[in-house]
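Structure incoming, see below.
Chain naming follows the written order as A, B, C and D, and within any one chain the residues start at number 1.
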Amino acid sequence: MHQIEPWVVLSFCSIIFFIGFTGVLIRRNILVILMSIELMLNAVNLTFVTFSKQLNHLGGQMSVFFIITVAAAESAVGLGLVIAMFRTLRSVDTDEIQILRE
Amino acid sequence: MLFWIPLFPLIGFLINGIWYAFGQAPAGRKKAGAGLPGAIATGAIFASFVVSLMIFIQLLGQDPEHRAVEQILFNWMSVGKFHVDVAFRIDALNTLFTLVITGVGTLIHLYSIGYMGHDETPGKFFAYLNLFCFAMLMLVMGSSLPVLFLGWEGVGLCSYLLIGYWYTDIEKAKAGKKAFVVNRIGDFGFLLGMFLIYSTFGTLDFESLRHLFGHAGSLPEGVSPQVITAISLFLFVGCMGKSAQIPLYVWLPDAMAGPTPVSALIHAATMVTSGIYLVSRLNFFYTGSPTAMSVVAAVGAFTAFFAATIAITQRDIKKVLAYSTVSQLGYMFLGCGVGAFSAGVFHVITHAFFKALLFLGAGSVIHGMHEEQDIWKMGGLKSKMPRTYWTFAVGTAAICGVPLLSGFFSKDEILWKAFSSPSGSPWLWFLAAITAVMTAFYMTRLFSLTFLGAPRFEVAEHAGHSHDHPGHDHGHDHGHGHGHGAKKVKGIAVHESPLLMTLPLMILAVLSIVGGYVGWPHASWIEHWLEPVVGGGHEAASGVSESLEWILMGVSVLGALIGILTSFRVYRNLSLVEAMTRNVQWLHKILENKWYIDEIYEAVFVRPIQVFSQLLWKGFDVAVIDRIVVGFGRVSQWTGETVRVIQTGSLQVYALMLLAGLIGTAGFLIYGWH
Amino acid sequence: MAGIDTHFLSWIVFLPLLFAFAGLLIPAKGTAGQTAMRLWTLLGSLITFGVSVSLYINYRPEGADFQFTETVPWISTLGASYALGVDGISLWLILLTTFLMPLAILGSFSAIENRVKEYYFLLLALETAMLGAFVSLDIFLFYVFWEAMLIPMYLLIGIWGGKERIYAAMKFFLYTLVGSLLMLVAIFYLAHQHKLQMGAYSTNILDLYKLQLEGGTFWSAQSILFLAFALAFAIKVPLFPLHTWLPDAHVQAPTAGSVILAAVLLKMGGYGFMRIGFPIFPESVAYFQLTFMILGTIAIVYGAWVAMVQPDIKKLVAYSSVSHMGYVIIGLFSLNEIGVTGSYYQMLNHGISTGALFLLVGVIYERRHTRDISAFGGISKVMPMFAIVFMIITLSSVALPGTNGFVGEFLILLGAWKVNPGLTAVATTGVIFGAVYMLWMFQRVMFGPVTNPENQKLKDLSLREWTVLAPLVAAVFVMGIYPNLFFEKLEPSIQRFIMKSTTNRTAPPQSLFSDNSK
Amino acid sequence: MDISPFFFYLFAGLAIACSTMVILKKNPVTSAFSLVLVFFAFAGIYALLDAHLIAALQVFVYTGAIMVLFVFVIMLLNADVPSFDLGRSHFLMRVSAGFSALVLLGIFVWAFKESSFHSIGGEFTLEKIEAAGGNTQVISELMFSEYILPFELTSILLLAAIVGAVAIAKRKLVGGRV
């Protein structure tokens, strides 16, 4: 039974990260986009923990702790925005929400 | 003790000025009469006259070679080696000026109390008048060029303020501005002269400069004559401005817009002579440069002649006197230009007496005629204004050069020096002598048109008119004052001026008679007195005998008499005058329009500069520079507009670009360095 | 207060900002609140002035080059530090700033009605930035303050300005920004040079004075760097032909903005030349001396001529600033003690007299809501006290002896004459044209009959306006009659400045074509 | 790394599969439930890596709190909106997104594989942590000593987020729609 090399774990993180990223790019439903962002955040968290383990340093895990907190805050605000937006525009379609352009 | 001389007028100015600014000027404050402000101002200037007299007496007792009183007040500027003190120095030359300024000044202040009696803002008037005296005294007492310049510009300012005193008439305000600007052109030359002096000699102090020069026209070592000439000419440009010489004389006739006492004090007796003061003060520069001397003499002689031609045809009593002043100033420069500085200064003094007298007399006439200034609308004032008549007659005789009056001595001295001095020439003498004839002519014309013959205006009955006219608003509405009195009463009720005004006239008349005796030919006290400062009068050039001097004197007296008599004859019969005028219509027109000099200046300098400035502003500032700047803005805007296409507003497109950028960066990091 | 002895300059610099932030707590709603806000700001600026006066008292001209110094490391990788210090050159500009600030604030008491709190906050923030720039002894810190000045001024013009305020504010912002960006690049280059020559990064100005840079030709390092700095400074001065932002900014800015802009911000340019431009690049100064003197002379004449035909009083005053600051440039570049002292003095003079002119224009603008010269006439009759003050300031502006303007212009021209008499003669014509445009404007506004019925009932100066103007009038005469008061504390610093700016510190030329074979 | 390859690959495979579902499934409810599975898989991997506290937090916070929030919002919005099941974006977009993601992923994997991660001797070895009372104990101690400032800041952030979320989502009572 061979060992799992760190790069394998890190590559796994990358895969999840880019899946998340692709999700952000290709989906039009803003809720799914938010979920994809959560996926990316998780991938990053895992990277931190991997390094923490590899380097015998707990800073990585501390960072994850903070990231989780921030992610929670972010999704709370994000979802709040979604609700507010939905109320105004009756839609969660990013193609219809292009106020930023003007 | 010296500082009291300028300090008294300054105190007077501050009292009157602050009282006016806070107590009289603001809306709703009580207007003061002329009495108290006038008394303050007169007292101030009289006090400084007394001090001047004391200084003079002190100087009398001193050894001629070291005849000077000095006082350093404080250090004005001190930068590196450049060091200027506010310091006064009175020697033989400027003690005469302080006496004239404070003496004649006192008389004119006194006169003003009467003249400005009905003015709206006498407080302001007397404040300005005192400020002027302060500046003028700084000018003549300053021991270095910057202090002199302080006074020089100060008198210019007061002149500006007083010419435009009745500023609600825009023409008068414009005349004030013109005076200031033309003077500034002169000051431009003055400044350049100062810079050149400082860069050449390293000092601006009169005494130090004089010591550098040593004696009698020798130049300091290592200084080229060209530099001396340049300095002299630069400074002379300043004198041209202040003393109204060609080509910068144009402001002085316009300056007559000011109240008449101002014309007497500033534009006849004192300020305009400061150019002569400067030239005499720096005589060592001029004697060191024959070129500069000839320029001064030529400009002086030509100005004297030129202004006299204009004076012959003027209708405004003050304008005639103004051109006469320009002409007389030309004489003074002629004197200085031929090396006879003491003769020039002598003429300054006698001129101060008789011209102040004439101006004040004219003021009295104008006062009596209710603001009428056109001599063609006067006549026959002899009986109505006897005191004015007699004093004016003395003044006229003095300026015409009637023997044994002051003008005769001083003018004759200049004429003789113009002929005999090494730098003089018969041509200068001839020009000056012609001018003397013309002077006699136009002054007699003025005199006879004003006082003799029958009145050429509607005479109102005298009943009920005292010397003082309550309800007659003198000065108020001055600009529209022509025939102002006539509107109220049918015709003009001519009256003699009050004693307050005629008393100074009488004193000045006496001075105009006796003032010349200090310069008795060949026994001239004044020449002797000034010798340590301006150098002795040059010995007559060889071959010029004393008999010639008597002959020339006889010629000039004869000329004056001819001028006077012709004028009397001509102007007794006015229809004859009209006929003569018609015969030489073109010349008369040119002269009456003052050779169109104002128009020429307007067309050659003023308009082009204005048009060009407009062009610079609209055509360069806005059209070129701004367009370039806006052009830069346009370019970046265009770039923005172009690049903007990819700004779709879609977050996902942005994210995709982010990704692409990331790939690019990663690619660079991997391959870029190889 | 803690550290007042050791951090004296920091206190002066940040005192206004402290007051500004404290002022945010004042509920500025309603008339009472607005009044409270105004008084609070005035108090803040007055206290700052008081503290700076004690700076004046404690400054010893015979003492060290820079006094009251403070140094705290800041950005170690760049070598930047928070270094403050005062010499004679900064001393008077600090006093000018703190002296004018209360007047500008008091002068805009009634002019500003909306967003009062923000307005005064920005004014105080601006004061901090200006003072900071004057005391910085670190070039990077100087840059930070320099840029920080831009923001409040931009907002002051853009929010409380006249009709075309947005255009003017943008123009002001872009002009200054363009200049300062090049300056930033040059700063980094200098820090790098310091690393190369001395072994460590430093942006301390005193360290940079010791740099040796190749100079003497146009494409040398010194010249390019000097031009990068000079562009920034010349835009601020403003030097012809980079002046066109000034008329717009002045005309559109609110009164206090104009006052501060003219009186202090323009001085930043001159100060920059004196603190940075000249002593760091002595050879380039010599190399570009004639160029800048010509530009300065053009500015004098050009500004005066264009001012002559302006229909708007503020624009006229703005162009007169161009003219007056032209004198500053020729005086500085004459590089002798007389000229430089005159230049420096002219900066102070210009601050006083142009500041006062803008305040006066503000006074009349508040009454009539126009600055069009042709709308006036005969004001002297209606507002005699106003006319008197206006006259005095006008005289100061045309440099009448006895007023402050004369001392500056006289010294400048005297100093410049030694370097280049021909140009000086041309520059001296500014004396004539200065009188023309100022007096012509004065005549059209003040003299003549009152033709416009709207001018009939104007109120004369109020007590508040007197309080604003009286110190300026006093300053005009004090500075004109006893300039030694200023020169005393200035002289050693100016002498050191000239020594640094004329000492040859060039590195041996590293030209490709240098012939070493001989 | 001394972790069980079996469990790692199990969890990893699950995570990859479920994340793909998240981004590909049309119905957000499906996506949400796939996401829950991803989170659980991650928690498993954390546990494998001896990060017990993180693993627990992952379950509590993500699956417990955040996912509930998501589902709650989906249900809140789901009512009577025909267009809720939104499809994917433009074809070109999808292709280029997928392509770039793959390229960058390739670069990442390559980079990770090429790099070597030496175990620099950090002080918190597994043994030490065990001796000090376990992962949770050590992290907690760190959190209240060395990391106290970020910790406090985070709490402020959370507070701000709560207030913000409420403020944003709150229906304005006056003036009709926001």
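As a working rule, a contact is a pair of C-beta atoms (placed from the backbone, for glycine too) under 8 Å apart; a residue touches a chain by one contact, two chains touch by 3 or more.
Here the structure is a predicted model, which means the values were calculated and not measured.
S.K.: Please list the single chain whose C-alpha centre lies closest to the global protein C-alpha centre.
M.R.: Going by the distance between chain centres and the overall C-alpha centre, it is C.
S.K.: Mind checking the centre-to-centre distance between chain A and chain C? Centres are C-alpha means, answer in whole Å.
M.R.: So the centroids are 53 Å from each other.
S.K.: Centre to centre, by mean C-alpha position, how many angstrom separate chain A and chain D?
M.R.: Roughly 6 Å separates the two chain centres.
S.K.: Counting only Cα atoms for the centres, state how far chain B is from chain C in Å.
M.R.: Comparing mean C-alpha positions, chain C is 38 Å from chain B.
S.K.: Please compute the C-alpha centroid of chain C, do the same for chain D, then give the distance between them in whole Å.
M.R.: Each chain reduced to its C-alpha mean, chain C and chain D end up 57 Å apart.
S.K.: For chain A, what residues touch not just one other chain but two or more?
M.R.: 21, 25-26, 95
S.K.: So which stretches of chain B touch two or more other chains?
M.R.: Within chain B, residues 652, 656, 659 contact more than one other chain.
S.K.: Strictly by the criterion at the top, what is the full list of touching chain pairs?
M.R.: A-B, A-D, B-C, B-D
S.K.: Any idea which chain C residues touch chain B in the complex?
M.R.: 170-171, 174-175, 241, 243-245, 247, 302, 305-306, 308-310, 336-338, 341-342, 377-378, 380-381, 384-385, 388, 395, 400-402, 406-407, 410-411, 413-414, 417-418, 421, 424-425, 428-429, 431-432, 435-436, 439-440, 443, 446-450, 460, 481-484, 487, 491, 495
S.K.: Within their complex, state which residues of chain B touch chain D.
M.R.: 652-653, 656, 659-660, 662-663, 666-667, 670
S.K.: Where on chain B does chain A make contact in their complex?
M.R.: Those residues of chain B that touch chain A are 647-652, 655-656, 659.
S.K.: Per the contact definition, I'd like the list of chain D residues that touch chain A in the complex.
M.R.: Listed in rising order, the residues of chain D that touch chain A are 1-3, 5, 8, 12, 15-16, 19-20, 22-23, 28, 31-32, 35, 38-39, 42, 45-46, 49-51, 53-54, 57-58, 61-62, 65-66, 69-70, 73-74, 76-77, 81, 83-84, 86-89, 93-94, 97-98, 101-102, 104-105, 108-109, 112-113, 115, 117, 119-126, 135, 138-139, 142-143, 147, 150, 154, 157-158, 160-162, 164-169, 171, 177-178.
S.K.: Under the definition above, what is the set of chain B residues touching chain C in their complex?
M.R.: Contacts found on chain B: 21-22, 25-27, 74-80, 82, 146, 149-150, 152-154, 157, 160, 164, 167-170, 173-174, 176-177, 180-181, 184-185, 187-188, 191-192, 194-196, 198-199, 609-610, 612-614, 616-617, 621-622, 625-626, 629, 632-633.
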